[in-house]
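Labels run A, B, C and D following the written order; every chain starts at residue 1.
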């Protein structure tokens, strides 16, 4: 019940469990969003391998929910066990890093030494492959713990590799009520909103007014149709990219990005080159999109030509090493919503509103051309205690072929990881679109990567 | 909002074309609904083989839109040609009777003479079969006329056999934007609302709050899940039907219905017997449901046991023969909404609201177990210029098998009709679940039916 | 080649295990065929619940293999345990009766009392349903015993319900190498040979020269194309059945069959009526075919019209009660081959010959329109240690629809039996094409049948 | 009837039409095989754009069929029109070069200049792509001419790109009776025969005794199981390749091949590396296999490492320019069979023998995981007037994924070519596994290739 408001109809209450509840950014952002937006109250239970970090976030939560602009009321606790955290939860939110940042050496540096260029390296390519091998057993455990402690809870996953983590939850527990969320599509909607503003002079467009049909797999999702207020935005977009020099070489910008350690920027040229070539718009950041096909990241020079750069392992280490801010920081500044949609999704599942948005779910036919059970990203209707996919419009056939091969790699990797079979995992790696190495060189790379993490993998049950 | 009000944001305007615009009930109900509910204005163009009837409806429209409770403004005209009616339409509504009522002699009386019991005889069984043979060529013509005159219009079909008529529109013109509407599911929602009220004491339930997952084909649709305000209604329904005597013999009621010529009533026992046997609720009236399986209408005695009776051919003739009311009748009484959803659908397609409801559309994966392209009934999201099916939850496997065989019959009949091939049509008839006649007797019945309409069928191109 | 001959290339040897090895007809016929035809030697191990019967067959085997016309050499033993029988087998042959003949009362008499007409009642309909419920657990046990004792053996099943028994073997042990054999298709080839002789004057036609494409499920299999020596036989067959009175009422013949207790005869009119109506030839005896659709066995009068009669329960009892012949009978008369193909199949699997014939196997695509894993009957190539299905030509769409619904019933019954779930089994029964009873009457019949065998079913694990 | 033999049963006679009948090698080899092997007689009709070449082959035919070792009798004629050649044919054999050798400049040299390495360049990759664009319209014409002149003839295609040419015949005329033949699988059987000899000491193995399950598409076909005389050959093959240095760097051999212009040799290391990595054996020459994945032909250095070299355009020109031999050459030397199977196939289709072999046919389910209608290579049973595919054992999932993407490219290219749509063709090219160029560079290459042949493509109807 809101402290500010004395309404006759009581506000609903629920319990949230957050796995990865000690995180510096993500868990705090969710609490901020709950504070300033939630139409419900309740309790939050934080679980983290780093229990101290979770306890610090409990302290921070007091500052956040104590802010004058807070409209909701949540009691926050840090729990020492996963089971304790999950017990009685209505919603479970998972946002973890699979292993300490140092493990990413194997994801990023070893492939680099073998000539594989990975702008991100967490969803696909050798980096996503190794990260998937680490994450899948962990998510199997999460699934089992959830079904043991809160089998009716909705599970919201934010962890990458999104597709494989969500897939592993269902592989371990087919009755689990889980979905994966990612904000990359929102970025695409932002860009399309710009088209609506510039080309048609529309004003005050709310993001959901940019209606997009979504089809594909996370980080390799596509917009096949986009409308705003009844207007088809694709002709205007086609017009825009047909201008001379639109696709000019961006190597100079890329180099500046490297110099300035601004690794995340782009000109969206990859997204738009896919649009130009295949008739559907890549609906994720260029850093992600470039990893799912062999053409853009074939070598670093080519990647730079598109204005995209790799986020280096060194940066991952550095940004992790930064000193955390103090608890009181959170008491001092006004809270702004994060732009994520978690709170709205929970509200819809509580029956407080309708929400139609994109989501990652096992394919039960919503993307009819893709394999059954593969986790796909499409639109869905969030209603009280239900998430029903909307039937996705089909991908253009070439885009479909590109997505299919990515699904093949993911399914092969999933099977290998479920069976803890590293030979099968090696076989899956060859199929990855980023792999154009000679097979013996690819095998050597895989051996080096697996060897680097052999203790961790053995601990997860791989043989 | 009303026409009297001068708002700064102008109301949208559009043009509706009504095929079957001379009808006594249906066209007038739509105009009434437009008058009292529509958030838009425009013009209506009526087309009917009986041009006089259409002209009378123009007169009536003046009374309807002249009523004080009218909030919208429509200019209504009767057109002498289909092309003239369609030209420039934004929406086309089709509600026709395929041929004069006398043709129904062959649909109803000849099968009866051969021992086939048909409560309705317009959607399936020998009656639906022959009616489909008549309707399909007509709907092919409609589709071509629409694509020639108003290719971007949304086409709303209300004609039976719903599945085959809608299917024929797409068979003739794959790019047509058509869907079929039927209110039978609303009746099921009404009944489920009763469960919510009685078992849980809920009050003031609006019909859309009874959330149902719909899957199947028109008039043989099923509810596989039903919730109201977050409460699962199926356990209460199971409780209700488990009471002693719930399924008691209703022959006495059936006889009374026959005596009193109250052919349309039922106790919904067929719907609930399906629920009891197969775990999903038949989501149409018992008269319809009973025709899609061999068990209830195996003979008239069995049909009566369930409280269901046949609507006789004689009644069809009589009710057609009744004198029409005068034009001024419509000026005298306050207008009530009809309960149909056509106006809301148009509003949603105009971008004036969101609407999630059930609809008949070609299967593009929304019902993944049923054949591609077959017209299926599922939920869909109506948005501005789009109707996107929601992915239907699967039918229980037995119900799925029952629906599959109905789809097989429909697809076989469609192919036969498109090819104007009466031998293929005969072959399709054997597959109908109502046919348990010996094959020679069924063949004789088919011959008699086709022979009775041989002039009409020849005119439609059958050989 | 014979045992008397001392060739330099030794004859191959193998071990056969026969489950149901005490049978009066079937096991003895196989031994006779082995004696006069087999190009290999070895040992035979007989297992039967009635161990005495198996021992008697051992004695008989000595007479059979001692006949002067015997060309092979087999050592035959009766084993007291299934495991002992199977140990080391290269081939396992299964031909059992699921339970004593008295159990067939429930299969045959109870449905009859409820108005269901079953000419055979062992493959489908209520009789096949109950028999399937009994057989499936037994075949699960067989499969497990085979994989435990002789996992590389080929398993040849002759037991009805053929489809469900073979299906159960694979359901229990997916790696089993089993197939089902039935001679009904040979009967169809015989009849087609007659067409080739009569219409084209061909002489000395060997049965394999009548080349037929086979598709469907056992006892409801279809010939979609038939050629002999390059000549298409279907036009001649069409000509034959188009003669006046070809399909005349055969009630008089049927009555005579009943009077004379000649229950197995027919005029093949059902097979040919299916051919006339649907363009493919029913490839089993009329008694079987009539049970898979609702038209021929709708009542006994209709069945007789086609010249087909029911084999009564009383006859099953009587023929079982007949005194067995003496052991020495088998020493006295010359042995003739039985017309079965078991020996040829074994020879082909041993690499001694090529054999292309029809067979029942899980569908791995050989019948692309039918569900994956369902046991279907198609042609297959028997080669050394391999049985590879030939791709079946598709069924005409109407025949396909009829077969589909049969597969649905079988798959539903299989699931129910595997789960030992009698409620699910009841649900499956409603789907059977022979069921046109009112649902309450069908439910009562099912209850009576299950009640009659409740001890046996409980012993099999049903609850 | 054979001149040498005076049998009472007359030899069958038939008419063969050969499109590409002026070819120096292929047409002559077929005539030689007919001369020394055929169990039938008849006439041969040669058609070639180069009519003189066809007429020369008529002269040569007289020498061939006049040889003392000739056992058959064929009358050979050269026809000036395709229709004249086809009229009345029982068999049509197609073996053409799509366009003069000079056109191959665009297939081979332009991709090379853009950094794409193509060992062969006629089946896939940019070379296969452009060749396909040229061939598909031509094969559409052939199909139409065949259906107009000899609709019941069997059509045997030997032209590359095999898959696309055969596919185009069916796309233009779905009722055509065509299949594609390729001897690459025989080469794999030869190699496996060596394994059987070396590892098991088997002797006198006839090639068909090496029984292989075939699945995939032409030139990217796989052996998933191989047996000889009941012995599984894969363990021995695995043993062989596990020896140290088996996969040693073969750059030195490759360089020698280049120096000596022996472009066609290889160590089969690519085939065996696929076997090692994916568990199924690549069943074509390494030069072909290397083109269907991105790993071996990523650059010329990598290709040489596997001992494979590119056949250069210059060699194609040279070998074409060689002077033809004289007519009388064919009268002087004894005729040896070519190793091709065309004569045996024709004999089987005439009903003279049974033949089980590999063949390229539209997928009607024989390769259940691959798309319907795609032309796939599997085993098939050749019988009188029928070619029935055997159901293929499934590919390992990784190999399946690799084949799938190849099928996607082929289907996309086919659609583009059928529509004469060069934009769609450009889109298809990006999907090719050999394309790892940046998209702008790939687009530039495509433009250069299409531009080089713009007159030819325009003549074929491309716009």
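Heads up, the rule we're going with is that contacts are C-beta pairs under 8 Å (C-beta built on N, C-alpha and C of every residue); 3 or more make two chains touch, one makes a residue touch a chain.
Just so we're clear, the structure is a prediction, and the values are computed from it rather than from any experiment.
**Q** If each hop has to land on a touching chain, what is the smallest number of hops from chain B to chain D?
**A** 2
**Q** Just to be sure I understand the contacts, which chains border both chain D and chain C?
**A** none
**Q** For the pairs A-B and A-D, output the one whose chains share more C-beta pairs in contact.
**A** A-D
**Q** Go ahead and note the Å separation of the Cα centroids belonging to chain A and chain C.
**A** Computed value for the inter-centroid distance: 56 Å.
**Q** Once you find the CA centre of chain A and the CA centre of chain D, what distance in Å lies between them?
**A** 47
**Q** Could you work out how far the Cα centre of chain A sits from that of chain B, in whole Å?
**A** The separation of the two C-alpha centroids amounts to 44 Å.
**Q** For chain C, which residues are shared contacts with two or more other chains?
**A** Residues of chain C touching two or more partner chains: there are none.
**Q** Chain contact topology under the given definition, line, ring, star, complete or other?
**A** Here the contact pattern is a ring, one closed loop where every chain has two partners.
**Q** On the basis of the stated criterion, which chains touch which? Give every pair.
**A** A-B, A-D, B-C, C-D
**Q** Hey, which residues of chain B end up touching chain A in the complex?
**A** Chain B reaches chain A through residues 211, 213, 227, 229-230, 351, 354, 356, 364-368, 379, 381, 383-386, 388-391, 394.
**Q** Report the residues of chain D in contact with chain A in the complex, numbered from low to high.
**A** Residues of chain D touching chain A: 247, 273, 277-278, 294-296, 298, 302, 305, 397-398, 401-402, 404-405, 408-409, 411-412, 415, 427-428, 430-431, 435-440, 442-443.
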